[in-house]
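To keep things simple, chains are lettered A, B and C as they appear, and every chain counts its residues starting from 1.
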């Protein structure tokens, strides 16, 4: 049931999309028309993320839509983790019409189960605002679309410009693994943590694993491994962990004590050099102070294997789906159509949200430097993956891989035993 | 007679021992409360004060700002109302049903009495997760049967009913234990006087059950109010969730105001703390009836 | 509790009026039906589901699996044995340390040593706090930037490793769990102690016994019914332990325990009936103590 083709987006397609810049009136025209004919009555929008910054932009966008369309929207905000963990019940029970979700396997699984509404008609209407590769990522295994992308963000090395200047380092120009190690060493010498990591939640370290695997063994091997076509006991995987192990001396000592918030705090309080994370946390820096946010920067993880260079990146795409069991699916489609369009995304950006829009027609002139850098980092990559726990089976990612990496961090010498166990558990999974 | 002397020596050495015991326990009691005290202390200091001056610094500012912000962000009125709407009916129904079973089982001698009590008590010991998957499907099916999918799922009613079903065992057990201490004669004379079962229950037994009902009410309120599992898995609308979800609204504030979270925790805990303080005596006697038999 | 001699139910043939019969049926029937429908039926359902493969969505997708889930757990999931081991440690800690401390505490407070009213409340307060609040309180104490770190003079870049330090995190977790458990046991026992005949204690004192001897030889045996219940609660709570670990590690297996394994496998998109199998194993382990509890509780009635 794993549709491998939908897991990656080829860079060329993304490029093509970006070149189709200002869509202007054509898109705007069709949008107004669709607004009028499709929306039927009040709609419900299920939002993810109960933090104040998240609630703020959801409410801003809701207000903008109500003004633009004249219909009422009921906003139902949910705690991110609780929402994820209970999506199965949510979709079977009484879901909202449109809701925030993610691309990748997690979307395709629910589409296959018939819990998502086919939104191909929305793609017919505003599909030209997105690169063809996004359409691919939004397609289920039956060839129809079930997802509208709204925003995406890269996983990369984040650091404070001021700290790097003080250390006399230049992270933008790390040519290879040796240079990277030298940078970590220099950071440690000055009394800071070279590479901050917190893996109490079990998923944080997947970012590091993903990028190491993609850099060392390439995009295809990474995708195949997650689809079960390659084995975890392969020497290539062991090689990934060898590199991972080399980084451990430069990490904070309490990796398994802290979660991603701990990592963020280390960077915020200037206790570390680099941190591998998705840029979505940058809003927290902005909440703390504009100065902190301006000091933040991101670069892709350095090249390790010249054969693959820096051609792959984890750039999870967030977006919207329509629930098949909602009360007003047609209304849901109209809702997500507007939310995913340039207008909807503009309302979101205007509220101060620091994400980058997935809409290729978006006016990026209002982006700040950090947002533009995020785009540049993602734009550089040929292949895009969605992050391990969105790219593979749900009964494998968190129950098997997460504890395996935690065990590795605790006892790196046991890696062979750990990998054998991971492979055995994959083999024991029931067919879907 | 040496008993008096032995007595006095024993009493004195015991007094000293007791003083030591009291001091040792006192020390632990303070240690027990310390984490809570530390949280309250932190909640009264603005975060920036702590960050610039350190965790142990003498506070330059102390105020209730964190509390104002926590209450504003946590949307307390909505969540507290839901908690009340869930807890109050659940407690009433549990006590009502429990007293009915306890009444029949202890005032009348039927062959099934013991089996019934066993049945309810065992049900009380089952873990919640054992039950959740089929229960969810059942809730949807029942809702569909009555034409309203959200009859039990994502509804206050659904959460109330599962709480009642789960707490019924404990309530039944406690009340039936208590009823055994009430002399049979009272019921006998009522029956001889020709009282119907209904009158027997309402006019005679129910008034006598007031003490254990009060204690159980206090216990049940705390347990149901503090539960997070059922509302988490059976509800989808934020507007219907109880207070256990309220703190999630502060989690994103972690960095800018850690002490804000502390204030939020105290606010969330206040109702149960208040109930406990006011009705301390009832708490104790509530558990008494469950653990001993006359 | 008074000991009245004539409390045994009198077995007499009695005939009920139709109205009474109806009332009695309703009194028993409604709560029972309710309890069966919402607790027992789903429980049996889960037991059945543990023998299937299912994603939890469409009933038509249920496939028979026989013992494969159990086989997978017992032979193919190393973290299961780590979890069982942790449950055992939990049980040993609660049984040998936490519960006895609660009992001793109850005894001293019952003796009304100075300050006993304050102590009773102080130890019970943690029991009334909800899980989320408990989590926040202990995070304040233990995390980087917290109290313990501060005491040891560590800032957030070099904190003492606690939750991630596998030599000590077990004790930390058990400590937090005991923080709640001791107060609960204390109160349970205290309630029982209040019904012990004071004349027994007096007699023992007159005989020249020390307090410790009185406790061991007089109080403890008299409290036999309560002892059994305390033991059973200790065992079941150790096997069902979930809250505290979930609060610290979320649904990750940072510190595996049976309750977390159940939760991890039934929540999220990865719902599998392996979770049901875990739940059944948990239930099976609890059955022994449950039956003991019930036999003890109803010993008097079964005559």
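FYI, a contact is a pair of C-beta atoms (placed from the backbone, for glycine too) under 8 Å apart; a residue touches a chain by one contact, two chains touch by 3 or more.
The structure presented is a predicted model; accordingly, all values stated were derived computationally and were not measured.
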item: Interface with the most contact pairs, given as the two chains involved; value: B-C
item: Chain of greatest Cα-centre distance to subunit B; value: A
item: Computed distance of Cα centres, subunit B from subunit A, in Å; value: 41
item: Interchain centroid distance [CA atoms averaged], subunit B/subunit C, Å; value: 15
item: Subunit C: positions in contact with at least two other chains; value: 56, 145, 267, 271
item: Residues of subunit B engaged with two or more neighbouring chains; value: 233
item: Residues within subunit A bordering two or more other chains; value: 86, 92, 265
item: Complex contact set, residues of subunit B against subunit A; value: 73, 136, 140, 149-150, 153-154, 232-234, 236-239, 245, 248-249, 251-256
item: Contact set on subunit A toward subunit C in their complex; value: 81, 84-88, 92, 106, 109-110, 113-115, 192-193, 200-203, 252-259, 262, 265-266, 269, 271-272, 393-399, 402-403, 406, 410, 421, 424-425, 428, 430, 432
item: Contact footprint of subunit B on subunit A as seen in their complex; value: 46, 49-55, 76-79, 82, 86, 89-90, 92-96, 261, 264-265, 268, 284, 287-288
item: Interface residues, subunit C side, partner subunit B - complex; value: 1-4, 6-11, 14, 16-17, 19-20, 23-24, 27-28, 30-32, 34-35, 37-43, 45-46, 49, 56, 59, 105, 108-109, 111, 113-115, 118-126, 128-133, 136-138, 140-141, 145-147, 150, 179, 183, 187-192, 194-195, 205, 208, 210-211, 225-226, 229-230, 236, 240, 259, 262-263, 266-267, 271, 275-276, 279-280, 282-283, 286, 290, 293-294, 297-298, 300-302
item: Subunit C residues touching subunit A - in the complex, by the definition given at the top; value: 53, 55-58, 63, 65, 68, 72, 76-79, 143-145, 155-166, 249-254, 256, 264-265, 267-272, 274
